[in-house]
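In the two assemblies presented below, chain A is common to both, partnered first by chain B and then by chain C.
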Partner chain A sequence: MSMELLLQAAVSGFLMGGIYALIALALALVFGVMGVLNFAHGDLLMVGMYGVVLICAATNLSPFIAGLLIVPAMVLIGWVVFILLIRPIVGSAPLVQAQLTIGMSFVIQSAALLWFGADLFNVRSELGSSSIRLGDIVISAPLLIGCLVALLASGLLAWFLSATIWGYRIRATAEDPVMAQLCGVPVQRVQRWVFAGATGSLAIAAGCLMAFYHVTPVVGLQFSVLSLLIVVLGGLGDLRGAMVAALVLGVAEAMTSAIFNSASAPAALYILFGAALLLRPHGLLGRGATV
Partner chain B sequence: MKLSIEGLVSGYGLLDVLHGVGIEIDDGEVVAVIGPNGAGKSTLLRTISGLVTARSGAIRYDGNEIGGLAASEIPRLGLVHVPEARHVFGRLTVEQNLVVGATAAPSGTDRKKALSEVYELFPMLNEKARDLASGLSGGQQQMLAIGRALMARPSMIMLDEPSLGLAPLVVEQMYEALDDLRRSGLTILLVEQDVYMALDFASRAYVLESGRIALAGASDDLRDDDHVRRSYLGI
Partner chain C sequence: MNKFQWAAAGLAFAMTPLTLSPAQAQEEIVIPSIAAMSGSVAVTGQDAQKGVEIALEHINADGGIDGRPLKVQLYDTQGNPGVVRQVMERLTRLEKAPVILGCEISAGTSAAAQFAEQARVPYLNSSAVSAELLERGYKYYFSDQITADTEAATVVEFVENLMTQGDVVPALLYEDSPRGAGTIERVEALLEERGVEIVASAPYTRSDRNLLPPVKRVQTSGANVVIWAGYTEDVVAGLQAMQQLDFTPYIVGIGGGPGDVRIPQLVDQDFLEAVNLSTVDYFNPDMERAQRFVKSYEEKHGIVPSSYASMCYRGVYTLKAALQTALEAGEALTAETLHAALLEIDIPGEDLISPFERIKFDENGRNVGSQNLIAQWKDGATKKVTVWPPEVAVQDPNPLK
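Presenting the complex of A and B:
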């Protein structure tokens, strides 16, 4: 095992972690604001990835642009899903919420299977497999750009939450929805927009992923599990913790793949997850929810 | 009449807490509700502010029925509830708390002006504007909760146990600020466990016992009432 290979894995894993961060932030925000852990999160991402495939096939645009273009469609999907499925379970028992969102995950998966079949789709982008060499390390260009775009989107989200009036209202709603109502904040409207916005941000993540990744009907489960791990590891509802956890898991995943093989990576993630929770039961930064 | 309540029945689950309560408050008046724990004082305020839905009865504010309105709509009418235990947003800064409080302000309100007025009333909030609200002391959090309510430019506020758990000196400071607000013409409905304080501050009071109004009158008369003296003033 050479040092270069490990370093290479760490860098690629870190870049992948940047994209995981955006996906997990959306999940953490939804959990923080309405208390629903959405097990269909990755499946909504998968819908976005198919959307990017369709746009790219029809227009030859770059997947990043395609991701941006489907943001309105994804916001609309999030809006409808919230009104029909999520709103009735806000405040319900966690088991009810899990049942509903897991059911939703199956339905989306089956719909994708019916529509697109089980074949693997990817996008032929002009970046293709181009890469940048830094000494002995090769950085895939689409991965690098994907990570930068995802980090930019995460940064925008963080800025929105910490520096705008609606950001304050969203954080107030996350912390104390009853008091937020007494301040005149329309809590249900805030929850609806947060869910729609989080789903919309998955379009950006889908664009980043499709620059170098593939989509199948089951890819959603993988991302749901991963982002749940990240959100719990970061400390439920703690956005900064989720950011850190995403980068840590990205690196850990790539390193395990390099040292052992890619099949052992998920197992290693769970071992890391278990160990981290034993040592830091309130999340990596140990602060609990801080949306 | 600023607020008039008739035959209000309200409660949680299978349990009725209020059994036909009626109170009236004039514009610019300061009225207290006193009574033992569990009498339904907080439930009364929570029903007026829409957190609990009334089972029957009328709640009229400025002459309009507000019974069916959502809790987020009522502060927009100028009626703001400062709940028990303050409920500041601990993970927001002091100023961010105040800005969230301005959500219910009428459109076109000058937020900067509202902020500077609150800072004038509570200079401490200005000093701590950038601190997280969770770091404030209990008294400071109570001032923040009142300041946040004022950001909505209310014409009436309802205070639930504002002095609970605070040091006497802090309570005095807070009531000085409330006195300024009273003199500016704000209508105040006060629920207070400190009956001396409540009767000193309010011109009239209602005694709420087991979900019914047991007694009502001018504060001076109530202070001399045998039942009030025995049950609440410990004389």
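Presenting the complex of A and C:
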């Protein structure tokens, strides 16, 4: 195994991890604010990915722009899903939440299968096949831009949470909803907006992914599993921990594929996950809730 | 109405079963079929369903089977062996199906074949290429499909032909499911037998989001011919990675991915031609004998049929031959009579849409007449042309650069 191949894998993994971070942050935020682990998270992302495909097919726009354009639609979807399905289970037992969100995942998958069929869709653009060379290392241009956009969106989210009045309200709700309510924070409204906003942020992640990836009705499952892994590894409810965990997982996944083979990557991820849970039960940064 | 008219009407009503008796010959023959129409391999089952529908339209337009219309009832298995077992239990034990048509992937077919054997109901596989299933000694498993062994042999013959044109440095790239890894293992063995050194072997998982690392591993090995087994999604991701790496080997593909008719819609067409994307297959739309199917399919779906669509079109015709044989012998359609009929049929190649010499089953249920072809994207990847073997080739394969 040459150093060049290892470096290549590390760079690709890091860039991929940046996109994972944006996807997982939305899930971490929802869990932090309302205590719901949404197993249909990846399926909502899949809805966004189909949205990007439709916009790109109709307008020839870049998937990144298309992702931005569908943010309002995704916010609306998030709003409706929250009102109809999530709000009734906030505060319920974890098994009830899991059953409902897994059921929602199946419904979204079946609807996508009926609507779009089982065919694979992607967005073809000049960008999709372009790359940047740093010596022997090849950096995929769509992956690089996707990672930068995802990191920028994550940075904006961090700024929003730490420097705006709504950010304070969200953090207060995450910290202690009862106390936040007593202090005049409209907790239910905050929860509603957080779920809608988190779903909206998946539109940007969908745009980043569709620059180099494809969508099928079952693609959401892998992102749901990955996001859950990242959120738990980062520490339940800890956004910075989720960010670090996403980058660590991205690099670990790519390095394992390069050193051994891709088939061993999932096993390596779960070994890493198990070890982290044993050694850092409150997440990588030690600031999350106990698993 | 007077008494006489009432009596006449009553008599006519009483005689209805008798007067309808010739129409019993018009009674529909319903045969169940299993396919993955949802789940991660739904594209195979959905295409198979389209192929089955066209086959039924053609058969019934041509007079059905002995004057009786044929209907194939599809059951969704999600490509999940657990669901396959449940469906097979229902079909064999509750519904007493006399024969089952399989448009199922290899993992599901393995479960279905085992169940059919226990239930002593013939299972006609038209989809899975697993060679191992034919080595189990099953009496009720029939496969009119090619096998991984014949696929591997065709790939190696094609590579040997390339070797006559210059130095071939082969590498293997494959998704690691039994489908991809199984065929590649056979290719590897055949190349080793011939003393051909393989410079790299790069497996990956089908759901990999980034194929730059494995593709780069193949590129740095110095390979100029890549033997690649994959599904559509990973082949698309891999071709994009090759394009980013400026890596243009001669690609000899295996499986539904490299041969997917939708590939030119998903990947830069010039690049497809630059890598001479070729694929070992059991169907290609340019074959003369397949034109009726291709035209009907294009009219109905606006695209040429995929190999997945062709396999169960062929399967329905194999089934038709067995049903016809049993009916012509004056036998009822039972598991035993259809088992005997399947062993008896011998369909000549010119009646098939596949490049097969014929469909004739040996005692292990293997189709002794199965044969592959190799198709290659040409003319700016606007059409997939049959280039191998020479006896069915429409054009010559692109030369090795």
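In this section, the second predicted complex is superposed on the first by the 288 of 291 C-alpha atoms of A that agree within 3 Å, B and C clash if a C-alpha of one lies under 4 Å from a C-alpha of the other, contacts with A are read in each partner's own complex, and residues count from 1 in each chain.
Keep in mind that, in the parts below, contacts are C-beta pairs under 8 Å (C-beta built on N, C-alpha and C of every residue); 3 or more make two chains touch, one makes a residue touch a chain.
Because the structure is a prediction, the values reported are computed rather than measured.
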| said: Contact-wise, after the overlay, does A:Ser131 reach chain B, chain C, both or neither (first, second, both, neither)? | reply: second
| field | Greater chain A contact set [chain C / chain B] | value | C
| request: Examine A:Ser12 and indicate which partner it touches, taking first as chain B and second as chain C; both and neither are also allowed. | output: second
| chain B versus chain C as contact partner of A:Ala172, first or second or both or neither | first
| request: Considering only touches as defined above, state whether A:Gln181 meets chain B (first), chain C (second), both or neither. | output: first
| query | Can you name the residues of chain C that touch chain A in the complex? | reply | 37-40, 42-43, 45-46, 176, 202-205, 207-210, 212-214, 216-217, 220, 232-233, 236-237, 240-241, 243-245, 262, 265-268, 271
| said: Please output the residues of chain B touching chain A within their complex, sorted ascending. | reply: 49-51, 70-73, 75-76, 80-81, 83, 87, 89-92, 96-97, 99-101, 103-105, 148, 152
| query | chain C touches which residues of chain A in the complex? | reply | 2, 4-5, 8-9, 12-13, 16, 110, 113, 117-120, 122, 124, 128-131, 138, 140-141, 143, 212-214, 216-218, 222, 254, 257-258, 261-263, 265-266
| query | Can you name the residues of chain A that touch chain B in the complex? | reply | 165, 168-169, 171-172, 175-176, 178-187, 290-291
